[in-house]
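Read through the structures below before going on.
In what comes next, chain A is part of two complexes: it sits with chain B in the first one and with chain C in the second one.
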Partner chain A sequence: MAILEVKDLVSGYSEVMILNGVSIHCADNEIVSIIGPNGAGKSTLMKSIFGLIPVKQGSVAFDGRSITGMRPNQLVKLGMSYVPQEKNVFPSLTVEENLQMGAFIRNDDLTGSIDRVFELFPFIADKRKSVSGTLSGGGRQMLALGRALMLEPRLLLLDEPSAGLAPLVRDEIFEKVMEIRQSGVAILMVEQNAKKALGMSDRGYVLVMGKNRYEDTGEALLANPEVGRLYLGGA
Partner chain B sequence: MTVEMKNSNDLLKVEGVCKSFGKMLAVNQCSLDVTKGTITALIGPNGAGKTTLFNLISGFHKPDTGKVFLKGDRIDGLRPDKIFHKGLIRTFQISRELEKMTLLENLMLVPGRQEGEMIWNAWFRPWRVRAQEKQVKERAIETLRFVELFHLKDEYAGNLSTGQKRLLEIARTMMADPDIILLDEPGAGVNPTLMNKLIGYIHQLNGQGKTFLIVEHNMELVMTICDPIIVMNAGSILTQGTPQQIRNDERVINAYLGE
Partner chain C sequence: MLQLIANGIVFGSIIALGAIGLTMVYGILKFANFAHGDTMSLGAYLALLFISLQMPFPIAVVLAIAVSIAVAILIDHYLYRFFRTTGPIILLIASVGVALFLRNVILLFWGPDLTYYTREIHLAFQIVPGIRLNSYEIWIVIVTAVLIVLVHLFLKKTRIGKAMRASSDNMDLAEVVGIDTQRVIIWTWSVGTALAVFGGVMLGLENGLRPPMGWELLLPLFAAAILGGIGQPYGAMVGGLIIGIAQEASTGFISTAYKPAVAFIIMILVLLIRPQGIFGGSKRWI
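Then we have the complex of A and B:
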């Protein structure tokens, strides 16, 4: 059963369409990567799914129910969380306050969820009272992931979780992503590091100029020489 | 004349430049030459160090070590405005137009050292100031016609679309009449129609003798008008070659796919 089903999606900004008919799906507890050259529409796809950009054509379904045109505030209630590439924490708030903000629609006790986030990310647990603007790039990314987990989502959308991180920190973030998936959360991830992303994904899609180009298992895509050429403008 | 500059066609020469930010080595021993009359591309995956290298060349950062030559003169460590007056101009990934000024005013501001800037001239030689201003205005109008923004000459620059701002940036570089133009992602956020125009303008200016060094992710622009192409990865120069060579270079493909 697909937890997310995107069909023939067309979307973009004012008169310019970035996505020209993208179809992808993600099964329950699956980890799926979207790769492709700069300007392929990867981030636009994430934003369109999460209701940040109006969908012009096509449909998005979550858990079998149409969510096309729904706003982010409605989607988080259904069990979808999104971690943007940039500006994904509130820099003037403490680590703990950021996590509380992540769960602002919940009225119950947050202690259990906060503890689970700190268990997953001991690094930020030590800094719970620190202002998050003082965190390193890796710490910030952990906090952003933690914030997204505060609503205990069934599907997590990640936009370039490794962007700007040093190799060691990047690997640590990817390990955490795998742990999150093992806890039963489906993950749809956009990544610039295609090798790392495909290496850990069940399946992947290659997006070029706003359209699906290839769809296969992570391994098969890695082994396909055509995928690499697409990054250099090969047709 | 420095001994290093044997080849007079090397308009810009970068030699073993390094730059660290804290523990991060952003640019590591980079050397490159830009030959007069070329459109040279600088490409590479996100975070390769392309913009940092641009900043080192144009004086926005000072290299930790290494040298930069423009027309045989050392320019590393000079202020950006000094480098500008020596004949090198650059644009930014995010357009930096003066939003509360009209397009015409934006362009008229570009040529430095205008007569009217000196109070002496403004008071005692107003005719000279006026004559020069007239000249600058005529060039600005001509430039706006070239990039097809003339109909917007009295519009505030802040009201332009992203793509139009890109064209205004090109126009501003033209007003400076430099020897070499560094463009940092001129195609970012530009729709396909405007992209073709942009490619056309760069090609045309190159035909008139302008030299370009371009950081760009749009491979259509890179592969159709740029030669040579220099590839950076993880702070270092990976390789250099023709579009055909670069397209088929496994090392380049691997760099784009990540490690």
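Then we have the complex of A and C:
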């Protein structure tokens, strides 16, 4: 049973369509990567799924139920969280307040969830009272992931979680993403760092010019010579 | 000089209360609300209305706040809401229209003459050697101090207060994480307007009521908000006190006619030297 099912999605800004019929799906507890050249529409796909860009045609279903055209504040209630690529923390709020805001729609006690996030990310636990604008790039990314987990989502949408991070920090973030998946969360991820992303994914899609080009398991896509030559930086 | 500083703290309290609302609306709705001064006037006159209906002063103020908040939310719903995506200039000009509208409604109902809440005379008495204030002025300072502490606790401790700070940081991200931004906007108008009404009533107590009272206060309000770093409530509090003290203290050296010029000069200097304001720059609310 697919937790997310996107069918023939067409969307974009006003007159210019960036996606021209994209179909992807993501099963429960699966980790799926979307790779492709710049301008392929990867981020647009994420934003369209999450209701930030109006969908012109096609459909999006979450857990078998149509969510086409739903607003983010409705989607988070269904169990979907989204981590944007940049500006993904509230810089003037403390680390702890950022996590509380991640659970804005919850009315119950948050201490358990906050403790679990700090267990996963000990690095930010030490800084819980610090203003998050002072965190390093990696710290901010961990906080953004932690904030998305505060809703205890079933599906996490990650837009380039490793963008702009040093290689060591990047690997740590990817490890954390794997840990999150192990805890039973399905992950749909857009990545520039295609080899790394496909290496850890169950399945992957190559998106080109707003359309599906390849679809296979992560391993098979890595082994596909054409994908390798065109989209994984040669050889 | 001590007396001038004391007067400055009184006037600065009124400015601070107005400037907090101005800066909050700027931070969250991203526009310079030129109707904020006239919201202060409206609150002051509504309090006058309820007093004339034989209500006790505190109840009249509470009712004035309630009605003013309703007016602010209605204006947002029927006017500003449609311009949220068109950019700040359209909103600014719309707010100038609202300012004119409010001021003329006041003129229509209450006329252009100076009026007072009460005919009683409150004599100033000596608090410490060199400082004389009347009982109203003491109340103005005490009530402002209490309100500022309440605003602080609201922003720091309550869920909606934190959501307001988050929305001011990044409205798009606030939507993404599921913050009810519509509720945040309603709270922003409510808190900002409530403080403006307190400020307007205090101005009425201190100087009497005239329809352009709030409009004329707009310059020091903006000066205070910019001095503190626009969008930063804590900056507005400090900025208000500094502008108030500077304006009053200047009367010891130059003609009182130049008071508004003092605020203007401070505003220009801040914009030239430190445009992000005292508390701006790192984009923090503290």
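In the analysis below, the second predicted complex is superposed on the first by the 227 of 235 C-alpha atoms of A that agree within 3 Å, B and C clash if a C-alpha of one lies under 4 Å from a C-alpha of the other, contacts with A are read in each partner's own complex, and residues count from 1 in each chain.
Convention: contacts are C-beta pairs under 8 Å (C-beta built on N, C-alpha and C of every residue); 3 or more make two chains touch, one makes a residue touch a chain.
No experiment lies behind these values; they were computed from the predicted model shown.
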> Given the touch rule stated above, what does A:112 touch, chain B (first), chain C (second), both, or neither?
Replying inline: neither
>> With both complexes overlaid on chain A, does A:91 touch chain B (first), chain C (second), both or neither?
In response: second
> Given the touch rule stated above, what does A:184 touch, chain B (first), chain C (second), both, or neither?
Replying inline: neither
>> Quick check on the superposed pair: does A:101 touch chain B, chain C, both, or neither? Answer first, second, both or neither.
In response: second
> Looking at the overlay, what does A:54 touch: chain B (first), chain C (second), both, or neither?
Replying inline: neither
>> Quick check on the superposed pair: does A:72 touch chain B, chain C, both, or neither? Answer first, second, both or neither.
In response: second
> Of the partners chain B and chain C, which touch A:147 in the superposed model: first, second, both, neither?
Replying inline: second
> Counting residues of chain A in contact, which comes out ahead: chain B or chain C?
Replying inline: C
> Looking at chain A, which of its residues have contacts with both chain B and chain C?
Replying inline: none
>> Per the contact definition, I'd like the list of chain A residues that touch chain B in the complex.
In response: 15-16, 37-39, 163-164, 166-167, 192-197, 227-229, 231-234
> Taking the complex as given, what residues does chain B use to touch chain A?
Replying inline: 24, 45-47, 191, 217-220, 222-223, 246-247, 250, 252-254, 256-259
>> With touch defined as at the start, can you tell me which chain A residues reach chain C in the complex?
In response: 50, 52, 71-73, 76-77, 82, 84, 87-93, 97-98, 100-102, 104-105, 131, 133, 147-148, 151
> In the complex of these two chains, what residues of chain C are touching chain A?
Replying inline: 159, 162-163, 165-166, 168-170, 172-181, 282-286
